[in-house]
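Naming follows writing order (A, B, C and D), and every chain is counted from residue 1.
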Amino acid sequence: MTIGVIYGGTRVKGNTETLTERVIQDLPVEKIYLKDYEIKPINDQRHVQGGFEEVNDDYNIILNRVLSHDILLFATPIYWYSMSGTMKLFIDRWSQTLKDANYPDFKDVMSSKKAYVIAVGGDSPLLKGLPLIEQFQYIFDFIGISFEGYVLGQGNKPNAILQDEQALVIAEQIHRSLKQQVN
Amino acid sequence: MTIGVIYGGTRVKGNTETLTERVIQDLPVEKIYLKDYEIKPINDQRHVQGGFEEVNDDYNIILNRVLSHDILLFATPIYWYSMSGTMKLFIDRWSQTLKDANYPDFKDVMSSKKAYVIAVGGDSPLLKGLPLIEQFQYIFDFIGISFEGYVLGQGNKPNAILQDEQALVIAEQIHRSLKQQVN
Amino acid sequence: MTIGVIYGGTRVKGNTETLTERVIQDLPVEKIYLKDYEIKPINDQRHVQGGFEEVNDDYNIILNRVLSHDILLFATPIYWYSMSGTMKLFIDRWSQTLKDANYPDFKDVMSSKKAYVIAVGGDSPLLKGLPLIEQFQYIFDFIGISFEGYVLGQGNKPNAILQDEQALVIAEQIHRSLKQQVN
Amino acid sequence: MTIGVIYGGTRVKGNTETLTERVIQDLPVEKIYLKDYEIKPINDQRHVQGGFEEVNDDYNIILNRVLSHDILLFATPIYWYSMSGTMKLFIDRWSQTLKDANYPDFKDVMSSKKAYVIAVGGDSPLLKGLPLIEQFQYIFDFIGISFEGYVLGQGNKPNAILQDEQALVIAEQIHRSLKQQVN
């Protein structure tokens, strides 16, 4: 069992990353910072003759790294009450991969994975972050991933998340659960 | 009262645009196709000394067009149960504009506007599109826009939306309401 | 195909009933006014030896009427952002029926039915009524009912619903759909 | 600062009560078991001449006890994805109290209170319990109560909640927060 962390944020050592560190701790993980890659918006060609054109960007590089792990942590700051645009660009492109002859078993592979969501926002995330969680539920249901848990943290200024005791105890608890799974 | 339509989709004459046409009909509107512009992901520098660096893309061009209208139609296909990544990139950047000395009254200007959401998806949008509507509610509440109404339509294949009679009657009803406002 | 209407409201000719009349019009329906019956709160005895004790109230009378129809309209005022307590009492008791030897095929029978929800509230029902719709989705998913549609109307004072043009056009559209099904 | 616990469940020592005990521990609280009282469904007479008739049941007894506390814990099993019908009957009646000349400052008094929600369900409460949390948010916003936190636990069979480690750590964390407030 290996763990991949998909970071949607843009700040280095932002609150989302700090909270995610509490989840990871000493576990071996691969960290994928989406902001370091170019991901073009999907061009919806599902119903165009010939289908999707190949896109010249870094999406498949990221995808291959994601596909190689058993457990995925989706770690995103809450921007405007949902995942970052960067993370959304990445997920939107799954629609293309679902039609991509080079990934014939994309859905099958995804549906063997487990996922956790780690999301930090400044405006009442425990309440106003709930639609985001519902969307992840629908996303994971569609692609077949098992939604194992989530933690919503509060924080705006750097390190503010360290004051959110509830988020920290949930992060610890997810850590313990992950530790059991990877050992 | 003038109307601006912000399109988040990537397909020409897709279902979202077709449904939006039923809302607009003969009303004069400005159509803004986000896909025709370059919008870079936000780089969260709210807490960096010196604040946000200027970004070299088309965001401000779009923003200026949006700010000039009294009524905004946010028209987006539902990709993975929320707005398109392209539209999310645009909205994420509002956080930068809120700190931008060139737009000191951004929030004030926005809070004089009215908005409608038009969203079309293939997987039970009347149920699985509800978190998206809740997010728009939070977005509009934060920035001060009055959320006047929405229509969720069903459709995947080109023109499928024309079979969604409920969406069409709601679009007609929003049209009548807009017509009264702009006259 | 026969239609049963389950009314959760307490007002005679309230807004919910008025909106429901627009859905029904000339169609033959059986109207079940829950307020006219005694429904005791469920006593959760799922894990008690001997199981549920028989309850001396009108629940089974209502249940039998509900079970006899193919299409169910759940018509409830929105009290405090969800269905009326009266309607909730009725649905809570389904847990008992699921264990009731007198109704061995309760879930099977329910899962052949179609349902619509008609709900009217005074405080932004198109936004704040969405959690209620999500709950009905979960309820129907659990019991196997097909959730065919819903209309959320706005109104507080008597007949205020007649000003909610969008709710009225949706009610009309549901009416047309029902008419096709029962003919 | 005193604490009142409003129990909506029907089982003695059910999972909701067990989880609530982890929140309370050694703190002095008053426990109000709604099932031990008679609460009649509201009869919506807001728009009737003369207004609400007096109701002959135990509602005002409960209300007076609730009003006497600074911090309220709403502890309910999740029945059919929302609060128990019993708890809903109690909250529905607030509409009557809002018009009751004997409680002229009902809303004022309520708006000085803080509340927590403790809810336990058997079917994915961390996901399918979210609409319930959103409803409590709307309820508390309307009446002016400050929504301080919540814990969603999983459990069906007696004591199953003791296996839900995440719920237990959140309960502990709420306990520590309450302890600071009452001391």
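Operating definition for what follows: a contact is a pair of C-beta atoms (placed from the backbone, for glycine too) under 8 Å apart; a residue touches a chain by one contact, two chains touch by 3 or more.
All figures in this text were calculated on a predicted structure; none of them were measured in a lab.
When you average the Cα atoms of each chain and compare centres, the chain farthest from chain D turns out to be B.
Comparing the contact residues of chain A and chain B by number shows a mostly shared set, over half of all numbers used being common to the two copies.
Chain C has its Cα centroid 34 Å from the Cα centroid of chain B. In terms of their C-alpha centroids, the spacing between chain B and chain D amounts to 38 Å. As a whole-number value, the distance joining the C-alpha centres of chain A and chain B reads 24 Å. Contact with two or more other chains is made by residues 130, 134 of chain B. Listed by chain label, the pairs that touch are A-B, A-D, B-C, C-D. Partner chain B is touched in their complex by these residues of chain A: 9-11, 14, 35, 41-44, 46-47, 77, 79-86, 88-89, 91-92, 94-95, 123, 128, 130-132, 134-135, 138-139, 142, 156-158.
Listed in rising order, the residues of chain C touching chain B in the complex are 126-127, 130, 133-134, 137, 147, 149-150, 165-166, 169-170, 172-174, 176-177.
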